[in-house]
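Below, each structure is written out as C-alpha cells.
Common to both upcoming complexes is chain A, partnered first by chain B, then by chain C.
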Partner chain A sequence: MAQHAFFFDGTRCSGCKTCVYACKDKKNLKAGSTYRHVYEYTGGQTRKDEQGICVSSCFSYSLSMACNHCESSICVQVCPTGAMHKEEKYGVVLVDESRCVGCGYCHMACPYNAPHIDAISGHSVKCDACIDLLNKGEKPVCVLSCPARALKFGEAGALQTLGQRAAIAPLPDPKYTQPNLFIKPSRDTRPYGSQDGVIANPQEVK
Partner chain B sequence: MENAITELPLALFTTLVPIGSGAFLALALAFLVHPFSPEQLKRIDRLTLLPLLVMALGFVDSVFHLKDPLHIFYVFTGIGSSPLSNEIAIGVLFFVVALIYWMLAFGGKLSQAVRKGYALILGVFALVFAVSCGMAYMIETIVTWNTIFGPLEIVGIGILGGILFGTVILMQAKVYDDDLNNSYWRTALVIASVGLVLSAGALAAHIAFSATVVGTQVSGAEITAVALPFGALAIVGLVASFACLIGILTKRRTALSITGFGLVLIASFLGRMVFYLLELNVGL
Partner chain C sequence: MQTTKLGISRRTFIKTGGALAALAAVGGSVPLGSLFRHDIPQIYAETPETFVWNHCAVNCPGRCALKLYVKDDEIVRVDTYSMDTDDMDEIQPRACLRGRSYRGWVNHPDRINYPMKRAAGSKRGEGKYERITWDEAIEIIATNYRQVIEHYGPEAVYMNYCTGNYGVTARPWFRLLNSIGGGFLSFYGNYSLAQLMWITPYIFGSKVTAGSTLDAADDAELVLVFGSSPVETRQGGAVSHHDYVRLREKTKGKVYVIDPRFNDSLLGHSDEWIPINPGTDAALVSAIAYELIMNEWVDEEFLHTYCVGYDEETLPNSAKGQNLSYKDYILGSGYDKQAKTPAWAAPITGIATSRIKSLAQEIGTTKPVFVIQGWGPQRRSNGEMTGWSICMIPILTGNIGLPGTSNGLREGSYAIALTGLPDGTNNVKASISVFSMVDAIDRGSQMTEEADGVVGVKQLPYDIKFVVNWAGNCITNQNSDINWVHDVMSDESKCQFVLGSDILMTDSLKYSDVILPDLFRLEQPSLIGTGGDGAYMLAGSSPTSVKFERKSAYDAATLIARALGKEQEFTEGKTQEEWLKSCYEQSRVKDPLLPTYDEAMEMGVYTRKNPKGPTIIMESFRKDPITNPLATPSGKIEIYSEKLATHISNHRFADDDPVAPIPIYAPEWYGVETTTKEYPLQCSGFHYRGRLHSCWGSLDIMQELNPQEAWINPTDAQERSIKQGDTIRVKNQFGEIELPAKVTPRVIVGTVVMPQGAWHDANMNGDRVDKGGNINTLTTHRPSPFAKGNPQHTNICQAMKA
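Moving on, here comes the complex of A and B:
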C-alpha cells in the first residue's frame, strides 16, 4: 500500500468553497450535509493608538478539509463492528455500510469532524477520497474543482515535502491520529493550539 | 447539553447495568456471612430475577442508541480491538453466567458451598464489567473522557447501587432478620462507603479536571458550568442514598430501602448525564 494524502496550500486558498460544493454534487448530498468543510479561522482586533491612528492585528485564513485518512485512525480503532476500515490500495478510510450499526463512536472520536451518522441510512458517512475516481486514475473531485489549485491528492511521501503535517489552528496536535493532510501555511496562519482566533463560521462546518 | 440528550439511552444503560450486576455483590456477601434455610433461599432466588431484569432493560435500552441495530452481531467481531466491543461482550457474558446462576439456584440445584462460590464470582465479575463499561469511553481524542474517573464512577455506582439493590432484595424476601443483620451490616456499609467515595469523589474530580481543559472551540470551563449543577445534585443524591443505607442497616428501617434504591438510581443517572455533558474532543 502506498499511503495517499491530501495537500492544502494555504497561500492559494481564497475560501471560495467550490471544493465543498463539488463534493456535495458528486456525492449527491442533501442540504445540511457535507463531507468537506472550509473553516474560516479569524482573530485580532482593530483599535486606535495614542495618536489616534487605527492599528489592526486582524487576521483571517481558510482551511479546506475533509477526512484525513489518518495513519493512526481513531475512528477505525474505536469502531466495534469493523465497518470503519482502511483499504489497502491507497490507505483510504472507508465505511462498510453492511456492517455499520450507527453507534456514532467514530463521530465522537474523530478530532477532524469527519464521520457523521446519516439520519436516513443510519450509517456513518464520510469522504472516501472519491475512490471510484482514483481507481480510474483521476483525482478526488474537490481537488479537480479547486479554481486556485490549492488542493492536491497523491502519495503521502511526495506531498509531505510540500508542507507540514496538519499542525495549524484550529486543528489539534497531529500526534493524536497522524492525519494524512499536509499544509503549506499562509502568512497569517497560527500554529495548532493557538487561542488567537476563533472559527468564524461554526454553523457552516458543523 | 445536546451531547447528553443524544446519549440518553447510554446514560440509562450505564446506570441500570452496573447497579443490576452490582446487586450480586450484596447477595454474595449475604451468602458468605449467613446460612439461609432452603425456604429463605427460595424467596431470595425468586427476587434475584429483578437484577437480571434491570440489566436486561439496560441492554434493550442501549439498542435505542444504535441507528441500525440489525448489524449488531458484527459488534462481536471487534472484541480485543474495540473497547466498546469488549464492554458489550463482557456484559453479555456476565448476563449469561448470571442467568445460569439464577436458573440453577431457582431450580434448587445449587449446594450452599457452590452457591457461595458462584455468587462471589458474579460479584467480582460485576466489578470487572463495570470497569469495562468505563473503559469503553477512554478514547484518546476525547480528553475529558480519557481519564480514570469514568471507570471509577461506574464502579462506584455499581458498588453503592448494587449493595442497596441487594439489600432491598434481602428485605423484600423477608430474610433480613437479626442474625443476618449482625453479620452483614458492617461489611455491607464498608463496601458501600467505598462505592460512595468512588462514585461521588470521581464525579467531583472529573468535573474539576474538565474545567481545566482547553478545547479548540469550547473550553472545559464552559461545559463544566453547564454540568456543575447536575453534578452537585448527583453527588447530593448519592450521599443521601448512602445515608438511607445507614438507616436501613443500623436502624432496620425497611421503608428506607425503596427510597434509598430510588435515590441511588436517580443520582447515578444524573451522574451519567453529567459524564456525557463533559465530552470534549481535542479537535473540532
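Moving on, here comes the complex of A and C:
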C-alpha cells in the first residue's frame, strides 16, 4: 500500500466552496449533509479611534478539509463493528455500510469533523476520496474542481515535501492521529493550538 | 434521479406502463404473447451513462464548462473541464460551486413547466397563476401587444434588463420586437457598471472599456486594487478568480486591496488590506494626488504629452484662466478652495494621515504601478466621479501603456468573440437609462433629456405599457427600492401588460400577466466565447429531452411572431440551431483559427493563449499618441473634459449631485459623511460566492452553506447588544429587512455590509419586513447624476436585534 494524502495550498484558497459542492454533487448529498468543509478562521480587531481613523489587526484565512485518512485512524479504532476500516490500496478510510450500526462513535471520536451519521440511511458517511475515480486512474472530484488549484491528492510521501502535516489552527495537534493532510500555509496562518482567532463561520461547517 | 438497484428508473417504469396500457386499450381478444413480457432483460439492463458538454450562461464572464453526465434522460452528475495539473498557466474553465450545483436548480420544485396567466382576481405581485395552453398564452400576448402598438406605438414597448441567460442565440427578444412592430424603447447602461461605463469615454474615449489583463501585473512592482474582490465576482477557473490568485503568485510587486470589507480575495493575506470608508475612494485618491504633486512624484512629461487638464497649461481655451485644472482642485486654488491634504482626507476615508502619505510615497517612487478597480466603488451616487478619480493614480504617475501597468479601470480580458443572433433594426430613436424602467412606467411621458437622461428625443412620448421580462429578476429583486417598485408595478392602470418568461418562479416573475416556461441554456444547443488572461469558447448540446411544456426562448418568440404575422421576418426560415451554425460560420470568417462547428461541439471546450502575451491597455497610444490617438475630443486622456462641461451646462442636476468637468470627491447622498441620528450606519452590498446576483438564491443547498448575513463590526455590534448569529433588523427610510448577523472584524466600523441577490420575502400587503434580507429593500431609486445609474451601495441604515 502507498498511503495517499490530500494537499491544501492555503495561499491559494479563497474559501469559495467549489470543492464542497463538487463533492455534494458527486455524492448526491442533500442539504444537511456535507463531507468536505471550508472553515473560516478569523482573529484580530478592526477599530476606529476618536478621530475616526481605522486601525486593523484583522487576519483571516480559509481551510478546506474532508477526511484526512489518518495514519492512526481513531475512527477505525473506536468502531465497535469493524465497519470503519482502512482499505489497502490507497490507505483510504472507508465505511462498510453492511456492518455499520450507526452508533456514532466515529463521529464523536474524529478530531476533524469527518464522519457523521446520515439520518436517512442510519449509518456513518464520509469522504472516501472518490475511490471509484481513483480506481479509474482519476482524482477525487474536489481536487480537480478547485478554480484556484489549491488542492492535490497523491502519495503522502510526495505531498509531504510540499507542506507541513496539518499543524495549523483551528486543527488539533497532528501527533494524535497523524492526518494525511499536508498544508502550505498562507501568511496569516496561525499554528495549531493558537487562540488568536475563532472559527468565524460555525453555521457553515456543522 | 431515483434508480433502483435493478436499474429501472421511474421514467422507464412509466414508459413501460404506458405501453402496456396502450395494448390493453386495443380491446377484444388479446394475443397471449402480449400478456407475458419477453423483453424483461432489456428493461433490467443497466442504461449506459453518457456525457454531453454545455456551459454556464448567467451574468458572469466565467460561463464555465459543464460536463453533464446523463442517464435515463436525466442529468446525474455535473463535472467540468479540468486537466490534472495545477500549472497556473493552463487555461481551465473549471466551474465554481454554482456550476457544480446545477442539478439542484434544473430540477428545482419551483421550475415553470407550463404557460400560465395571472389568476382571475389576483393582483400583480401576489404570485397566483393558473395553467393555460401555449395557444391561449400566445393569443393574450399578441392581443395586448397589438393594442399597445395601436394606442401608443413601439415607444411604449420595453424589453427589461435581464441577465440570466447568455449565448450566441440566447437572446431573441430584441430581434422579435424589431421584427413584429418596428422596435421598442431601448436602454443604455447596465446594473454592473453604469456610472463607470458612462464616464469612461470622457476620460479615455469610447474605444477603451477596460484595463490590462491581470497577467500584465507580472511585471508590476506595486499592485493597487480599489474596491474589488476578483475571486468572488468572477469565480471560475479561467477568469478573475484564477487569474488573481495567479497574479498574486507571479507579480514582483506588493499588493494592496483598498476596501471597506476584508473581502475573500484577502483571505490569508491580511497585510494587503487597507480598510477604507465606503464611497470615499475619491478622497483618498485626491490626497494621494496632493502628495504626488507636492513631492514632485507626478510624471509632468506624461501629463503634458498625453493628457489635457492637469494644469493651467493643458486646459482647453474655454477653461483657461479660471483655476479649473485638476491641479488647482487638488492644491486648493480652484473649485472648493480646499487643499486635498492627507489630513483633510483622513477623517473622511478612515485612513490615517501617515498611511496616506506612506502609500503616496510608495506609489510615487515605484514603477511600474498596476492599478485596477472593481465595480463596487462606482455603484454609488458619486460613482462617476469615484471611477474617474481612481484612474487618476496611473494617469498622474504615467503608469499607462507600459509593461506592468493598467489604466485604473477593471481588469480586461483576452476573449473569443462570437457573432450573435442579429437584433435587426430598431426604428425607435428614444432610449432611457437601464435604471429608469419603473420611472418610465410611472411617469415616462414626463421624462426628459434635460432632467432624466432620456437620449434620442427631448421627451418620451408615452409611459411604458408593454414589458418583456425574460430570464431576469430585475423588476423587484435586483432593482432598487423594492417597496416603491411594487407599488408602481402592481398598479394596473400604469403598465398594461407584462410578459414574463423564466426557468423558475422569482419575485420579479410574480409581476407578469402571462408566464412562459423557459429552458436553461444548458438544455439547448449553445455556443459562447469568453476569456480572462486566456481565451476560451464553450460549445454544447442538449443533455436531455425537453420536459413538460417548456420551450426555448427562440421557439417561444417564433410563436409570438407567427401570431402577429411576422414569422418569416423573425426566423428567416431558420431554427435556433441553424442560426447557431450560421452565426458561428460568420465568427469563423472573422477568426479563422476557430475549429469547425462539428469539431467545436465534439471538443466542448476550446482554449487559446494570447500569442502576444499579456494585454497592456493603451500600449499603442503610449508608443505614439499622434498616430494612435484616443477617441476623446482632444485625442488625449482628458482630466478636464470640455465635453462634460458642456453636458453639465445642458442638463439639470440637484444641488447635492456631484458634477464637475474634472474628477472630484463629493460625499454620497447616503454615505459615511451623511449618516443621520436615525440612520447612523452606512450600508453596502457585495457579490456573494453562493449566488450570481439572484441566480441560485432559492436553492436549499446553496443557502445552507452560504447564508445571507449582515456583516457588522464588533464595535457597532456591542453598542447594539448584537451577538454572532443573532437575528437582526436593518432599517432605513425605504424599508426594513431581517437576517442573521455576522459579527466580524472583517468590516470597517460604521458600515454594515451584506451580499446582494438574496431573495426578497415580504408580505407586501402587511408589514413589508423582508425576511429574505434583500438589500434592495433598503436601496434608493434616485439615479446617479450623469449615468442615471443604480447607486445601490449608497445607503444609510440602523441595525438592531430583532
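Here is the rule we use: the second predicted complex is superposed on the first by the 200 of 206 C-alpha atoms of A that agree within 3 Å, B and C clash if a C-alpha of one lies under 4 Å from a C-alpha of the other, contacts with A are read in each partner's own complex, and residues count from 1 in each chain.
Just so it is clear, contacts are C-beta pairs under 8 Å (C-beta built on N, C-alpha and C of every residue); 3 or more make two chains touch, one makes a residue touch a chain.
In this text, all values refer to a predicted model and were calculated from it rather than measured experimentally.
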Contacts of A:82 with chain B and chain C, given as first, second, both or neither: first
First (chain B), second (chain C), both or neither touched by A:112: first
First (chain B), second (chain C), both or neither touched by A:200: second
Residues of chain A touched, compared between chain B and chain C (which is higher): C
Touched partner set for A:16, first chain B, second chain C, both or neither: second
Contacts of A:169 with chain B and chain C, given as first, second, both or neither: first
Chain B and chain C footprints on chain A, overlapping residues: 202
Residues of chain C that touch chain A when the two form their complex: 77-80, 82, 84, 86, 88, 92, 94-98, 100-101, 103, 231-232, 235-237, 241-242, 245, 248-249, 262, 264-271, 273, 275-277, 346-347, 350-352, 689-690, 700-701, 703-707, 713-715, 724-725, 740, 742, 744-750
Complex contact set, residues of chain A against chain B: 39, 74, 77-83, 98-105, 108-113, 117, 119, 121-123, 169-173, 176-177, 195, 198-199, 202, 205
Chain C partner contacts - residues on chain A that touch it in the complex: 10-18, 20-22, 24-26, 29-32, 34, 40, 42-48, 51-62, 138-139, 141, 144-149, 152, 186-189, 200, 202-204
List of chain B residues in touch with chain A within their complex: 6, 65-69, 71-72, 74-75, 77-78, 81-85, 88, 139-142, 214, 216-217, 279, 281-284
